[in-house]
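Taking it in order: structure first as structure tokens, then the write-up.
Read from first to last, the chains carry the letters A, B, C, D and E; within each, the first residue is number 1.
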Amino acid sequence: MARFVKKRKEDIGLGPDDLSFRGEQKMDKVLLRMVDYDAENLKEETIKKIDTVLERQKEPTVTWFNIDGLHNPQVIEDIAEGFDFDKLVLADVMDVHTRPKVNEFSNCILLSIKMLQQDEQSNHISVENLSIIITDSVLLSFQEKRGDVFEPVRERIRNQKKRIRNGSTDYLAFALLDIVVDNYIYIVGILGEKIETLEETLLQEPRKSVIDEIYTYKREMNFLRKNITPAKEMILALSKMESELINESTHIHFKELLANVHQAIDSSETYREILSDQLNIYHTTISSKLNDVMKFLTIFSVIFIPLTFIAGIYGTNFEVVPELKYQYSYFIMLGVMVVIAVGMLIYFRKRKWL
Amino acid sequence: MARFVKKRKEDIGLGPDDLSFRGEQKMDKVLLRMVDYDAENLKEETIKKIDTVLERQKEPTVTWFNIDGLHNPQVIEDIAEGFDFDKLVLADVMDVHTRPKVNEFSNCILLSIKMLQQDEQSNHISVENLSIIITDSVLLSFQEKRGDVFEPVRERIRNQKKRIRNGSTDYLAFALLDIVVDNYIYIVGILGEKIETLEETLLQEPRKSVIDEIYTYKREMNFLRKNITPAKEMILALSKMESELINESTHIHFKELLANVHQAIDSSETYREILSDQLNIYHTTISSKLNDVMKFLTIFSVIFIPLTFIAGIYGTNFEVVPELKYQYSYFIMLGVMVVIAVGMLIYFRKRKWL
Amino acid sequence: MARFVKKRKEDIGLGPDDLSFRGEQKMDKVLLRMVDYDAENLKEETIKKIDTVLERQKEPTVTWFNIDGLHNPQVIEDIAEGFDFDKLVLADVMDVHTRPKVNEFSNCILLSIKMLQQDEQSNHISVENLSIIITDSVLLSFQEKRGDVFEPVRERIRNQKKRIRNGSTDYLAFALLDIVVDNYIYIVGILGEKIETLEETLLQEPRKSVIDEIYTYKREMNFLRKNITPAKEMILALSKMESELINESTHIHFKELLANVHQAIDSSETYREILSDQLNIYHTTISSKLNDVMKFLTIFSVIFIPLTFIAGIYGTNFEVVPELKYQYSYFIMLGVMVVIAVGMLIYFRKRKWL
Amino acid sequence: MARFVKKRKEDIGLGPDDLSFRGEQKMDKVLLRMVDYDAENLKEETIKKIDTVLERQKEPTVTWFNIDGLHNPQVIEDIAEGFDFDKLVLADVMDVHTRPKVNEFSNCILLSIKMLQQDEQSNHISVENLSIIITDSVLLSFQEKRGDVFEPVRERIRNQKKRIRNGSTDYLAFALLDIVVDNYIYIVGILGEKIETLEETLLQEPRKSVIDEIYTYKREMNFLRKNITPAKEMILALSKMESELINESTHIHFKELLANVHQAIDSSETYREILSDQLNIYHTTISSKLNDVMKFLTIFSVIFIPLTFIAGIYGTNFEVVPELKYQYSYFIMLGVMVVIAVGMLIYFRKRKWL
Amino acid sequence: MARFVKKRKEDIGLGPDDLSFRGEQKMDKVLLRMVDYDAENLKEETIKKIDTVLERQKEPTVTWFNIDGLHNPQVIEDIAEGFDFDKLVLADVMDVHTRPKVNEFSNCILLSIKMLQQDEQSNHISVENLSIIITDSVLLSFQEKRGDVFEPVRERIRNQKKRIRNGSTDYLAFALLDIVVDNYIYIVGILGEKIETLEETLLQEPRKSVIDEIYTYKREMNFLRKNITPAKEMILALSKMESELINESTHIHFKELLANVHQAIDSSETYREILSDQLNIYHTTISSKLNDVMKFLTIFSVIFIPLTFIAGIYGTNFEVVPELKYQYSYFIMLGVMVVIAVGMLIYFRKRKWL
């Protein structure tokens, strides 16, 4: 299936509130995890039924409810009903090919953003959709498959001294987005390092494989940019959003986030230029090497051409060729040949062709 | 006729309210279909005269009136009169080469957008103009030829449980546009998949035909982008329009639509870059193959040149050539030739020319 | 003289209200034509003195006063005085190299736009400046030379049933601009059709002349875009202008006009990309043809090289060359040569070099 | 020193109000000229001390005070004190490498813009900074060296009938800027004409020198654009500035000026594209010529290769070569050679290689 | 490590208020320097503990507190506590890979910008993060390592007559930023000069090393632009900021600064274009030189080909070759050969191949 855009024929014309999963199933069972905390208390557990979370809804504590796996419509519908969300909200969560964006609803804010992961061997970057629903006291995060990418946030929550324990759901949302965006920069950096290393190889020994590497990096950079760029608009919208669900004091964090996304985009832009410079360097190096070879070979041939011609002349069978009779002719011919060859070499060197 | 822009000489200077059809006739007879529904009732029929629709105008139900074929000015004039539309509205509907746009009139909103269809064999994308007129209780849609592209919407209307049954004409308009835009993404995806598949062929076996394919895809991508891009402006205008014909609650759907158009444009942009990378890869591969061939052939020739020269020397007819007399000269010459040839091969290999 | 920008040394430092003609004279005598109409009456005549028009100034009818030829300063000064225009207005009219723009004055609006005309044989596009002055009841249009480009508007005026008969000067201005812009689209279309036709020629038989055609089209497309692009800003300004000389109801027409200019620009943009693709296709085709020729010739030579070498060996005059004595040597040599030649052909074919 | 940007190490860290001249001295002595006028009176003189000007400060007449040469800090300080200018103003005037801009101060407006001059032989464009200070009744203009570029304005002032005599300092500023901008268009036009002429040379006889010319024009166009582009922002700011020093009625002139700068930039943009097209044409023409030569030469060689091979065969010294004995063998061989050569020629022509 | 973007894996998920140093340690010990001044008094000292500064906090004098070295979290924490800064402020200061930006906090403004330094031998540009915190009476500046780049500001402070002595912390911030930006222009200028010098070398003697130089400059220009461009946004924000910490009168200085950054960016843009022109010139020159060589060599070979063929014909051993018997045949053959060679030379010269 196409990697950069996906739309199945059967999904055309679905209603915007249709709760059908529009992606590939990436894990077996849906996994529900809950973290509930305020400045003093902390409770962390893996849950079976969403009722546990619903109870927490009215408590003043912050409840982070993480759902891994979107392919079970029943779970999704239960959530929609339990939290009284507009059907649109969860239909959007299930459409994993959606573009990063932020939408405000009457009782919640829905964010979606792309999480990127890189296989460090093959450099292949894979993408996963992350949806976050912010309500007054509960934050729901939906991932396509189980991952430990948010572990550092859990760590910070476990540590009572950290600011996050005093924050609200919007601060938690920021903390999650921050990890996603830091990951962008990290991946650009990893890729960038490989690209910069390539440069040295390129100048010393332009192997054929280098060009495949360059195109691989180019393709991954394209993929990266395509997924990061809309995140910029999304976070910009977030940093300007006036909603009672977002505290004034969190705005500065979203601005910081925006600067980070900018940094990732700027750098990927720079690496794209470097890659196309590298392509040019490769071509220049290759073609200048080939030219050197061809010039050497041509000059080599050219030197023998008049010599062979002279030998040809004295290979003719005319009855009268005075030189043939003379005793030292053969040696004179050899001498003349040496003179011609050396003369040509000197001439070519003088004109800097050698 | 030019595919990307069309203006017939005789159309220059026509008044903006001239009800003349400015396109090619794509079907025989004009086909009128009506769907009339509200939350409880549903009536679907093919009609002969527009009176049936006009009667429905004052009813609170939503009436969807679909006109396939624009070449009959009588029908169009009847509609203009029956609905009391400004003449401009229907003149615009009949100008099928118009740019996607939205115009607000005193008693209606006029939308036009391009519907794209792809012949999956030839990859040729054809375009058709879709005009939608939104009034209080009637939605009129005009297509150039009969098609079943809106069947999924009819299906949703037939299903009493769907949200569309409770919606107004603006929601119906959204549902139609949604299908058009989903189709954009679908076509970009189909084309994109072919482009991505091309990549593998390209690296393994760069046949000549590949380049024709690349240029075909490029042309179709251009055509696609030219038709999709103005839709972005149109839907943006729609999502910001303040009109009593458009409910507050529909705005969020138009925003979703906008994100989808963005996705289609972004992806087509990415594929354009991939295509131009592919062109470069093709050229690099082809020219590096050619270079290998030429280098091999040149080296092959170069090895024989000194050998032929030596044979030439002993083909001369000088009376005194001491070597000719010696019994083993011939074999020595052959030996020397082998040594020279092998020496050159070693030298070339050492310099990595082979 | 430069085609894309013109400024005579002697024009530097002229006051902005200097009534001197800054162009080339394109016709002999200035021609004054007047059309005067309202819903009921119509009067059309060629006039000698501008007094006839001045009388009409206070009548409620719409008077269209068309001036062909700007080189007579007396006529221009008479107009300035008769209509009490700011001197700036007519100085601007006489500067035919001005950029398309719209300026509002106390008693009039001044528009200027470029009219394009294409010689269909040579594809050469020529440009003429059109200035329009809109006052309360009189519209003045100034052309550099006589032309029948506005004939369709006159036709519409002659037809009593047309909307234009009920319109004011602003609607007349729209009708004139509409023809100019329709002409843009028409010319882009004509050029575009030629460009699309070129594509087929290009793939079948890349003659040398094709490249000249491509560059001709490119140059004309550049010229076109340079003249059309500023019209966009001008019409945008017009469509947003709040002036008592422009009726609310005419705004929608100007918006339509804007969409048309956009269409012309979009298409010319698309054709530019197509042209540069065509250039690439041409180069690829040409170079791949050349490569095929060179490869064929090289392979042909390479096959003969070892054969000639063998013949050379048996052309040596050594006293002892055992093979020479043997009766069938010659035929064996010929056989070996055939084997070598065929072997090489097979080898080359196997490596896909042939 | 670098031509496109200049900053001396010793200028880093200077205070923004440091009255030190940051440029090269381009003339010997500072020259002070004064023109003082109103609708009735006119006084023009070269002055020695600035007191003459200071006296005029309170008069209602317009005083134009032109200073050629900025290297004398004493003069500058006297002006600063005499007119009670902020020190920033004159520090800015002395920094001739500043970017075109407009700044409003409490008692004056400071403009700076680049004046361009072209050596018509070498096409080299030189730049000079022009600073204009507008006060209530005095306009000060600062040039780096003496020039007669503003002579047309003086001429207009001398002519009592001209509008400029009734204008204020802002109108005078416009008149000066107008000349600067007209000069931009003029230079672009001159360069443009040479570029357009180049095109013909290019197609007929692509001499090596053409490419040097193209790059010269490119570099000058770059230099031009770099200096013109910021003027656009400056004049835009001026045309929108609300200051009591600028009359409402002058705004329309600044707008005109803006259109002229746009025209200069647009045209230079167009010429850049033409230049890069020309480069491509040059390369195409050159390489297609070379290809023709190489193809001819290769075909020529290829025809002789089988002929030489045949001669080689009959040059072998085998004892038994039946053909050698036959009386007409030699002539048959010659005939066969002719047949082969002609056959190859026909074959090559048929495949369109010749 | 990647040069254009850096993010360590362990830094992902850190809280935004985590006081950990995210960079490389560039010096041994943290160095604290204080300058305290007003119009009359001046005190300059290197301090050990930050208490000295804290005491100054309530005085009306301006205190400039410069910290070189960020790797000691204790110092940073002391500052945070002493000045009662939000923890975010100092966490940001310690993240040296942050993007240039300005953030307003309740009791301070935080600026960060990149300082560039160029090794004039290797042209390598190194970057260092500079953070500035502006409070009411104290300005804190944080550098990664000790440098004397701000010495000119200290000089100006020492001079009692300079404006800076009457300024507040915002003016001091401007003075520091001014040096940073002047340095940008200076580096662009230095690099630019080298690039312009390259041009001459390029046209006279295109050595292989030139291309390495071009790519080095390109890479440094890229690096430069990547670091300068975000500074533009930062200074723009600063010049528009409405804060009680920034005086009205300082805005004009920030605007000046903005113009300077623009100048640096414009020039670097221009040099990028020049560099890519130079690359093209290099390739053109190189390939035209190679073409000349190859053409010469090919023509040389081609001339000998028919001559060698003729010699080959008379080297055949046919019994009957009439010419062989004739006495002057050999000389006639030589004559014919000369005629052919000369004829070919004339022909080639005529077709301008030589």
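Simple rule for what comes next: contacts are C-beta pairs under 8 Å (C-beta built on N, C-alpha and C of every residue); 3 or more make two chains touch, one makes a residue touch a chain.
Small disclaimer: the values here were computed from a predicted structure and weren't measured.
**Q** In the chain contact graph, what is the shortest path length, in steps, from chain C to chain D?
**A** 1
**Q** With over half of the numbers shared counting as same, classify the chain B/chain C interface as same or different.
**A** Under half of the interface numbering overlaps between copies: different.
**Q** Can you check how far apart chain A and chain E are, centre to centre, with Cα atoms defining each centre and the answer in Å?
**A** 26
**Q** Can you check how far apart chain B and chain E are, centre to centre, with Cα atoms defining each centre and the answer in Å?
**A** The answer is 41 Å.
**Q** Name the residues of chain B that each touch 2 or more other chains.
**A** If we look for residues of chain B contacting two or more partner chains, we find 294, 298, 301, 308, 312, 315-317, 321.
**Q** Please trace the ring of touching chains beginning with chain A, moving first to chain B, and write out the chain order.
**A** Order round the ring from chain A, first step to chain B: A, B, C, D, E.
**Q** Which of the residues in chain E come into contact with chain D in the complex?
**A** Against chain D, chain E makes touches at 151-153, 155-156, 162-164, 175, 178-179, 182-183, 185-186, 188-190, 192-193, 196, 203, 252-253, 255-256, 259-260, 262-264, 266-267, 270-271, 273-274, 277, 280-281, 284, 288, 291, 294-295, 298-299, 301-302, 305-306, 308-309, 312-313, 315-322, 353.
**Q** Can you name the residues of chain E that touch chain A in the complex?
**A** 1-7, 9, 11-17, 87-88, 92, 97-99, 101, 103, 208, 211-212, 215, 218-219, 222, 226, 229-230, 279, 283, 286, 290, 293-294, 297-298, 300-301, 304, 307-308, 311-312, 314-317, 321, 323-325, 327-330, 333-334
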